[in-house]
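Structures given as structure tokens follow.
Two complexes are shown next, each including chain A; its partner changes from chain B in the first to chain C in the second.
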Partner chain A sequence: MFSFDYRQPADMDSLPLLDAAELRRRVIRAVDGGWRMLAFFGLPETARPGAPAGLCCVLAHDATRTLAALRTPPLEQFPSLTPDCPQAHYFEREMYEQWGLEPVGHPWLKPVRRAPDAEGDGESAAYPFYRADGDEVHEVAVGPVHAGIIEPGHFRFQCYGENVLHLEIALGYQHRGLEAMLAAASAYGPAQTTARRLLLLECAAGDSSVAHATAHCVLWERLTGQDVPERAWLLRRVGLELERLANHCGDLGAIAGDTGFLPTSSWNGRIRGDFLNMTASVCGNRFGRGLLRYGGTAHDLCPEECEDLTTRLRAAGRDARGAVDIMLDAASVRDRLNGTGALNRADARALGLVGVAARACGLPLDARFHAPVSDLPGTEPCLEQSGDVLARALVRSREMDDSLALVEADLSRLAARTGARTAATPPAPPSRLPARKLAVAQVEGWRGEICHLAVTDAEGELLACKIVDPSFHNWPGLALAMRNGQISDFPLCNKSFNLSYCGHDL
Partner chain B sequence: MLRIIKERLHQKYRTLDYPRQKPALSPRYLGRPTLANVECGDCRACFEACPTGALLPDPAGPDGRARTPVLDMGRCIFCGACRAACPKGAFRFSGEHRMAVFRREDLLVSAAPDPQADAPAPAYEPPFPPRDYSLFRRSLKLRQVSAGGCGACEADCNVLGTLAYDLGRFGIEFVASPRHADGLLLTGPVSENMRRALLDTWAATPKPRLLAVVGACAISGGLFRDSPQCRNGMDGLKGTQGTDDLHVDLFVPGCPPNPWSILDGLLSLRRKN
Partner chain C sequence: MNQGTVFYLIQLFLALILAPLLPGIINRVKARFAGRQGKPLLQTYYDLARLLRKGEVIGRTATWTFSAGPGVALAATLCALALLPLGGAPSPLGFGGDFLLAAYLLGMGRFALILAALDTGSSFEGMGASREAAFSALAEPVLFLVFLMLTSLSLDLVRHTGQSAELVAALSLSAMFGGQATEAWLAGRAELLLAPAVFFVLLLVENCRIPVDDPNTHLELTMIHEVMVLDHSGPNLAMIVYGAALKLWFFAALTAGLLTPPLPLWQQAGLCLLIILALAAAVGVVESVMARLRLTRIPHLLGGAAALASLALILTQVR
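After this line comes the complex of A and B, so read on.
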């Protein structure tokens, strides 16, 4: 298997062309041996639309910080990996939908992003929902327009009494054609191409703007060999960890809300806003839009601003800690969360879960640790073992402490280096990319590992620009966590995963 | 129990007495743009820099010479690229968060006729509603529909329910069903996959009803303008099949709009001449 360091772009010419059966055999053997599927996608032969595509699979070995890539020549069908490698299940459905490559023998070949009631296309037959039959089995359909202020998606429960036999999640309502727009960005002229791609990725999932922007910048910097000053890394991490703090804080509040523990629910709603407003103090936008640039950042902080942010960070950190501790110490809350929506470690690993959901099952997956983007001193993954809503809440609670410490340390380093405000003058974006390279960027967003991947052709044009949001891995995990649970557990379970619809739908 | 009460005392009262008190926004926040009148010559820098085509050539050049373009806030994502690109400093973004308007054309911002760029801009006067919304003055229930949004506009609507903003004290509330609602609040560029669900939700909302569109995507498609998978928000949806009775009552620009901008927009419906 062709393997390479995670920071180095791989040479496409050194990737041997395998036939599909050989790729299948090698991927399954690697996954059995502890490798993990980062992306599995259709790789077109040329940048021309409609060019024939082959398979390309990128795997990661976290313990050795090594990546591996495999590919096949163009094909139309291939033997499905899913029966022996459930991680491939969603990728293969996407492959069939997006590139028309058919995984023969796939047990669950359904659309990924075509909405169940979408109009217009010839094959708009009813979405083939799984159904449990029986006189006392009933079906509950929810969405796409939900009761709360939340993105659209459709949930179909097969219930026996209050018990959920099966939950099927059908998404695609948020599909905006993001990957196609990334590819088409070059039509807007060289002055805009890079800026436009970055703006689009900041909107890939609006609550993970900094994480997706970081992944994109890192990807381009790795492709072109661009160095990034340490100061920029500090500022990027301040943005990334503030994003984590805001969302973890909001999620814990939402879990409190669905538990019926209202004090923490209402306090955390406010404290989340305090963290967002700190991000706005750095770059003007509460979601961190416009903070990053290729090769650096668009904004910098002076010592007084760092001091002001540190004061506000400590106050918000104290408030968040107090609010969350009250909740996690309440026996009634512990009782509600304990054992609800539990996933075991073997299932989590087989499905390829990432992020908070994986760490709550005891899987030590944290890209800040196993694929750090910079040389800054990092962090250790926070693990829990029980895999239930409580574990997912506890992981978030502990990660808040880590993030608070990281941001405070970074701010003090930023304040100490006065006069060196060089981070805000990033280099000009590259006018062209190197030819025949494959580069990967893994960034731990608050939800989990975000993976961006680019492949260039002989002219340095983009052959593929693949975005894998952690939600793409984790939605099947939510469906599995609900199995044999109570339907009334769904809101709580859903909040504890808090997955992105648009990050999945792209 | 005692710990909860102690913590409650620590967390204090945090609701801002809006609109009497003004929110403190980041000095780096880019709010309502103000344009200065400059002669552009052959310069096209801002047009080339703008990622959403929000700049429209000024049609009314009195002497036929190119001047500062018109900025369409309905398309603008407030990225500041035009400000950075313009060699003559024609673009400024104020700290003004009040940006909501009632008519699409009111989102067009032209350069001040006074060419003195250094003169302080006059204080912003928000517009008055062109229709009588007094029916909704004391109670306004809205159903939110996200149609292809990235989640940021939705988050900034959601946050209005938290205690910092406390939307409920104005009698405004987001409700679970269109059947309970006085209107819809739309976010997102209207993806193909959400078009039908949006129109169904609109049809399920009893009359009289209103429609508020929040964010650049919902107004014009924003960054996703011209994606084959999207309908360019209300700009693209209006006039297509099944949208005859779709009338927008309120536009809140931004990407995403600040929560205070959305709150100001909702409150502006009760403003009286």
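After this line comes the complex of A and C, so read on.
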């Protein structure tokens, strides 16, 4: 298998062309041997629209920090990997929808992003929802319009009384063609292209703006071999960890709210705002938009600002710790969370879960640890074993402590090195990319590992640009966690995963 | 009209006027615990005034059952309330065995709302109706266990005084909740204090408060009572909101009736009112310091209440 270091772009020409059966055999053997599927997508021959596409699969081996890539010549059909490798399930459905490559033998082949028609007729009639039959089985349909201010998604439960036999999740209501827009950005001329792409990616999933922007910048820097000064890495990490703090804090409050535990629910709503305001002090936007630039950052902090941020960070961290401890120490909350929506480790691994959901099942997956983007000292993954809502809450709670320590350390390093404001002037983006390269960027967003991937053609044009949000891996995990659970536990379970709709729909 | 009836009517009028204050107190207490300002104390009154002025939207599948539900439920709750002794004054409508009528009037109100929910044909409302029916079926035996204990106590007290002509009247709510029970526990029968505790649990269950149901949630899949009334709007929703407030007052008045000793009328009435308002605050505290139980745990809570009620019953019999 062709493997390479995760920081280096791979040479497309050195990638052997395999036939589909051989690719299937090798991928399944690798996944059995501890590799993990990062992306599996259609790779067109040329950038021309409608060009015939082949398969391309990128795998990661976290322990050795190695990546591997496999590809096939253009084809129309291939034997489905899903029956032997459930991680491929969504990727193959996406491939069928996006590139028309048919995985033969796929157990549940329907589009992942095309929203079902309102009445269930028209084109989506060909793709019915999974149904359990029986006199006492009833179906509950929730969404796409929900009772709260959240994104649209459709959930179809097959229930036997209060017990859920099966949950099918239909998304795609937010699909806006992000990958096509990224490719089309080159029409705006070399000066505009990078800036436009960055803007687009900052709203790939609005709650992970910094993480997606970091992934994109890292991808481009790896592709072009651009070095980034340490000061920029510190600033980027401050942005990333503040994003993690704000979202973990908000999620823990939302979990408390769903259990009906009011104090933490109210307090965390306020404290989340404090963390967002710190991000705004760094870059002028509460969600961290505009912080990153190719080769560096667009903003810098002077020592006084660092000191001010540290004071605010300590205060907010203290408040958050107190609010979360009250919740996690309450017997009624622990009883409610314990054992709810439990996933076991083997299922989590087979489905290829990432991020908080995977760590709650005991899988040591944290891209900050197994694929660090910089040489800065990092953290160890926070693991829990029980895989239930409580485990996901505990992982978040412990990661907040880690993030607080990281941001504080980074701010003190930033304050200590005044004068070296190298980050303020990022280099101009390159007008041409190197030809026939494949580069991968893995960045641990607060929800999980975000993977961006780019392949260039012989002219240095973008051939394929793939965005894999952690939600794409984890939505099937939510459906599995609900199986044989109580339908009344769904909102709580959903909050504990807190997956992105638009990050999935792209 | 004698003086007692006039006094009772004043008390009933007070209950009808003040009932929507109870949800306001609960919300205020919860807001304070969460460090918020909270909505105005009189918000339920404003809501009722707003809803009464609004039009109504009725689903295409709904029939008259849907529209009749809230009216029947409110009427049933009003009738049940009129059987209760209020502020120490016995109800003029009371008779021996009226507790059965009161319990089943509430049952009828619930039945009307369940029918209305099923009539909408929505899967959410069907689930809510099934949960409401299941949990109220579990709450009913608990209620009757306490009633059983209170009737036996009331009969004991009457026999003790030797007025055998009043044996039948001893089986009325007015005799059970008129203050005699309080006198008995103040005289040292501590097991009687279990009864108000069980009534407080029943208050939480029957009024869909935390830890049983979360009246604030917007998540259809977890709701019990709220999901049943999702389709109602306008004046019918106002009837449901007002009916819920009255039901809260009903259970609070039951609990208060066991905690106020017989005093001169105005003092007893004042004390009763204070206890009812304090109970609303207690509900707010409970909602602030604990999370909701998962649905499968609610029978355990009711089982615990049933155990307490049985214990009280056995202890009263042992004496």
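As a working rule, the second predicted complex is superposed on the first by the 498 of 506 C-alpha atoms of A that agree within 3 Å, B and C clash if a C-alpha of one lies under 4 Å from a C-alpha of the other, contacts with A are read in each partner's own complex, and residues count from 1 in each chain.
One rule holds in what follows: a contact is a pair of C-beta atoms (placed from the backbone, for glycine too) under 8 Å apart; a residue touches a chain by one contact, two chains touch by 3 or more.
Computed from a prediction, not measured in an experiment: that's the story for all the values here.
Of the two partner chains placed around the shared chain by superposition, chain C is the only one that A:His138 touches, whereas chain B remains out of contact.
In the superposed model, A:Arg196 makes contact with chain B only, not with chain C. Looking at the shared chain after the overlay, A:Arg336 reaches chain C, while chain B stays out of its contact range. Applying the stated contact rule after C-alpha superposition, one finds that A:Trp267 touches each of chain B and chain C. In the superposed model, A:Asp258 lies in contact with chain C only, and not with chain B.
The wider contact with chain A, measured as residues touched, comes from B rather than the other of chain B and chain C. Applying the stated contact rule after C-alpha superposition, one finds that A:Ser209 touches chain B and leaves chain C untouched. In the superposition on chain A, A:Ile487 contacts chain C only, with no contact to chain B. Judged by the touch definition given at the top, the superposed model places A:Ala147 against both chain B and chain C. Judged by the touch definition given at the top, the superposed model places A:Asp375 against neither chain B nor chain C.
Taken together, the two complexes place residues 147-148, 263, 266-267, 270, 330 of chain A in contact with chain B and also with chain C. Residue ranges of chain B in contact with chain A, taken from their complex: 3-4, 7-8, 10-11, 14, 25-30, 48-49, 51, 77-81, 143-159, 161-164, 174, 176-178, 188-189, 191-197, 201, 223-224, 227-230, 255-256, 258-259. Of all residues in chain C, only 30, 33-36, 123-124, 126-127, 130-131, 210-211, 214, 216-222, 287-297 touch chain A in the complex they form.
Across the complex, chain A meets chain B through its residues 113-115, 117-120, 144-145, 147-152, 172-177, 180-181, 188-189, 191-192, 195-196, 199-200, 203-207, 209, 263, 266-267, 269-270, 272-273, 277, 280-287, 289-290, 299, 319, 322-323, 326, 329-330, 500-502.
Taken in their complex, chain A has these residues touching chain C: 138-142, 147-148, 161-162, 256, 258-263, 265-267, 270, 330, 332-333, 335-336, 340, 486-492.
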